[in-house]
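In the two assemblies presented below, subunit A is common to both, partnered first by subunit B and then by subunit C.
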Partner chain A sequence: MDKKVAIDGNSAIAEGVRLARAQVVAAYPITPQTPMVERVADFIDEGRLDAKYIAVESEHSALSAVVGAALMGTRTFTATAGAGLALMHEIVGVAAGNRLPIVMGIANRALPSPWSLQVDHSDTMAEKDMGWIQLYASNCQEALDYTLLAYRIGEEVRLPVMVCIDGFFLTHTTEVAELPDQEKVDRFLPAYDRGDVYLDPDNPMTINQLNSAETFTELRYAHNQALNEVINLFPKIAEEFKDIFGRQHSLCRDFECEDADVVVVTLGSSSGTARKVVQRMRANGMKAGALQVSCFRPFPKEDVIGKLKGAKSVAVIDRSWALGTDGPLSQEIKSAFHSAGIDIPIYNFVAGLGGRDLNEKTIENVIHSTVELVEKDEKRLYPIWIDVKKEVI
Partner chain B sequence: MSDLICKGTTTCEGCGMELLARSIVEVLGKNTIVLTPPSCSAILTGFGDQTCWRIPAFQSNLENIAAYCSGISTALEYQKREDVYVVALAGDGGTVDIGLQALSGAVERGHRFIYICYDNEAYMNTGIQRSGSTPIGAWTTTTPGGKEESKKNIVEMLMAQGIPYIATASVGYIDDFKRKLDKAKDVNGPTYIHVLSPCPPGWRYEARETIKLGRLAVDTKLYPLFEAIDGDIRITKKVSKVKDIGEYLKLQGRFRNITKEQIKSLEVDAAKYYDKLVEMEVE
Partner chain C sequence: MTEKEFRILSRGGQGAVTAAHILVEAAVLSDKYAQAVPNFGQERKGAPVYTFARLSDKPIESHTYVYNPDIVVMFDSFLMELGIDPLEGIGEDSILIINDRELPHGIRDSFKKVGLVDAWSITHEVIGNVPPNAAMLGAIAKTTGLLDIESIMEAIVNVMGEKIGQVNAKCAKTAYERTVVYEG
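Right after this comes the complex of A and B.
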């Protein structure tokens, strides 16, 4: 029987890992990810998860160890945050390039410097083009469900997946969520299939050796094909998920977008806030909309365009930076619209960095500023840092 | 000769590491997973669709070979497969410098794997740059005037961690290496063998002298052969008639500019370390 539980984001991912029957886990502690791996360690200790836990000496070794375990044909999990993910960077490429369906929980945390313990998406954005699938949850239920989807989708296309939750705003916030029954999860997620790349003395192969220009491009091309395949696969698997668990998930989640004067586009926990702001504005006669991009890699261009093209203008909030240019989410959306030949005013706002609350007021400011800019027909080549303190400007 | 490694390889003429690789597959057999970092041993793991191994092989990164071994070994444990050996074949740079953290962590956690360091005393695959394992007085491309510091003693560091089996070996005494590997394979935990592996292009000597140099290093006490089982030291090649260090040095171009003081320090340190081992040896 499914049951309703009060759960935080870290525990939600840990429950997903338990229900997915992960077999080898390796992790190194870093705030705000620690409760996630502590929960997994508890599950193993209590005999509720039949797995081995390797308490490694660094994040670099954490990902390396799960790469080793995945090469042996086991279902794996690791987790990290911020600077820990940056330390893993080299092995992020190895995991993806060897097509290993590792699942990694990310408690999003700003990259140094300046040091911060708190959320923004600069850590995962620095890894966005490394060939992993990236899912961003907006609440604890999504954190759990995306973990199950991550194993299922990753293992079908043989690619690793990051399940990203905002540090503290999701990792440490308790919400009500439905904890699915093990039997249902087993129906949704088949036993691990080791695929075609593995280390086994009964069928020896050499893996990951040096390549020449003769083959490098083709291997990258195949990798890119597999990643893009997720765009088609996600809705099909989401349908199966809905049949079994009763909850609908999609590449991007739209709310009142169709006839909107302004749609605000977000990633992560601020998406829930944006929906609430839109609801209130609609009640006051303002035609606003909200779009949450759930799957950032691969970037679902068609879905995003489809859901935004009815809008008169778009405001993209980046909770991360690309210093010197647009934020990464804005770059994606502007590029998709330009390629599709659709001309809608799109403005980029940077907000919520280093744990600054991306609250209702900020989102209202974003929407009002966008309306004003459209009215004045004012173009902006660079992002607007909407929540920067006035005395700095 | 084992057919688990191919006959023709593209290692240099007189390569000590290749001899080790052949000995490894001979002793351990087919149920062995081998990992190589970007280094000379990666030559065996191959290029494109070619490989020298007929056992499962994985090309690691330079600093994390022991971390990959941790994951592989743990997965084997999960799968209840006790019949498979996990072997890291890494050079001195990948071991004593950039790979030290992952190695130390894996040894501390007690994973069952065999770590073999072929010590050719510099970054040879990138073209002879100084490593922490380069001896004092040796020329490399990044110590054009000769290295001023002594060689890092990784074996002592790992012994301080309480590793259950550790040994030194030399390409010059290959049967001694094979005996040690045969012991390491049955240990249920981390094992480490540090093997002096002379390198003709890096040390500047004729390829035919590899074995001779591998023996001279031991016979001059510069490189004592011993093993330690659960910390109990046993010298496996007693040196009763010490050969002249000068004989070892003059065969190699890399020591052309070594100073008298540096030779003296090599001699003093070697004798002192050998005596220390004798003192610590278990009867």
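Right after this comes the complex of A and C.
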């Protein structure tokens, strides 16, 4: 039977990995991801997860080890955060290019420098174009559910998936969530099918060799098609998920967007906060809306446009750096709207960097600033850094 | 119950993060929703620690710190000497739970309700030289009435394990009985 539990984001992903029956795990601990891999290691030690844990000396080796294990045809897991993900960068491309359905838990942490232990999305945004699927959870239940969805979807299209949770605001935040029954998970996620191509010592072959210009483009093209296929696949698998577990998930989650004067668009844990702010503003007669982008890669352009097109204006909050240009989430939204030929005012805000609380007041400020800019018909080519303390500069 | 927000003021090593986790476990047992948000940094033993929690009948959407607490829990009134202000952000209906032998001067009038508990003495008496978090949970149950003491005791055992949990649950119960509530 499903069970309600008090669980933090790190443990939620670890429970997802246990329920998914991952077979090989390699990881290197780094704040704020450490409890995630410790929990998985505990499960293996306690005999609750029948997996091989490979202890490694760096993140580069951690991902390399699971790439090897995935090439042998096993269900794998690794996890990291911040600079650890940056150290993996080379192998991030290898994992995706070899079409390996690895699942990686990410405890989002700001990249240095300046050094920070705390959240922003600069680590995963630096890897956004490497051909992985990227999911961003807004609470601990989604962290667990997205881990199961990650295995199922990643294995169908044979691509790796990052399940991203905000450092501390999700990794170390305890909430009430439903821990699904193993039998249900087994029904949703059958045993891993390694397909026809895998490394077999009895039948040796080479995988991942040097490629010529004759085929490189075509392999990338096929990779891109597989990634974009997720847009069609996600809703179908989410429907199956709902039938089994009773919870609805989507590529992007809209809240009161239809007739909104301003919709605030977010990734990660601030999405729930935005919904709460919108609820209060609506009660006070202000027509606000909120859109959570759950799947950032592939970017669900049609869904996002569909859910935003009734809005009079859009405020995109990037919880990552926008050095020299717009933030990455804003670039996606503006590009989608421009391509679709829809002209509504879209403003980009940068907030919540390096662990600064992206709180209700900041989100209210974003919404009020957007209303003001629209009223004055003021254009902005560059983002607005909404929560900068001028006195510190 | 509308959403209630907690700000827990403590020092590193006093077990406030575990206490907040136990609050969430007690909410699960009471068929409620809750959230514990630790404010982690480069923490060390003895340094002031802020921990936040939320409790509600409905799922909790906010993932932020607490700025306007309905309930302030002060694990150590000496924190005031370090400039930690229990009055920060409170409203007319805010409640205080404080660990001390007597009420610090002038604090009573700032809160709608104050629960005073000598958590150090009770913890020493029931368990020994361990953090006062179980006693503080008993005082929270008594002062706020938001969670019953039985749920708190069961949650303590679930989180701490049978052996350590039972004695801590007893400590929470004792604190529940000895908390003095000033109201009106």
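Just so we're on the same page, the second predicted complex is superposed on the first by the 386 of 393 C-alpha atoms of A that agree within 3 Å, B and C clash if a C-alpha of one lies under 4 Å from a C-alpha of the other, contacts with A are read in each partner's own complex, and residues count from 1 in each chain.
FYI, a contact is a pair of C-beta atoms (placed from the backbone, for glycine too) under 8 Å apart; a residue touches a chain by one contact, two chains touch by 3 or more.
Since we're looking at a predicted model, the values are computed, not measured.
Of subunit B and subunit C, which one touches more of subunit A's residues?
B
Tell me the contact category for A:174 with respect to subunit B and subunit C: first, second, both or neither.
The second partner, subunit C, only.
Now for A:206: first (subunit B), second (subunit C), both, or neither, which partner does it touch?
First partner only, subunit B.
For A:166, using the defined touch cut-off, is the partner it touches subunit B, subunit C, both, or neither? Pick first, second, both or neither.
Touch partner of A:166: subunit C, not subunit B.
Just checking: does A:10 make contact with subunit B only, subunit C only, both, or neither of them? Give me first, second, both or neither.
Once the two structures are laid over each other on A, A:10 reaches no partner at all.
Could you give the residue numbers on subunit A that contact subunit B in one complex and subunit C in the other?
The answer is that subunit A has no such residue.
If you look only at subunit C, which of its residues touch subunit A in the complex?
Subunit C reaches subunit A through residues 20-21, 24-25, 27-28, 32-38, 40-42, 59-65, 67, 159.
Can you check the complex and tell me which residues of subunit A touch subunit B?
Checking each residue of subunit A against subunit B gives 23-24, 26, 51-52, 54-58, 60-62, 64-74, 76, 90-91, 94, 199-201, 204-212, 214-215.
Taking the complex as given, what residues does subunit B use to touch subunit A?
30-33, 42, 45-49, 51, 53-61, 63-64, 66-79, 84, 101-102, 104-106, 108-109
Would you tell me which residues of subunit A are touching subunit C in their complex?
It is residues 4-6, 32, 117-118, 138-139, 166, 168-170, 172-176, 269-270, 272-273, 275-276, 279, 357-361 of subunit A that touch subunit C.
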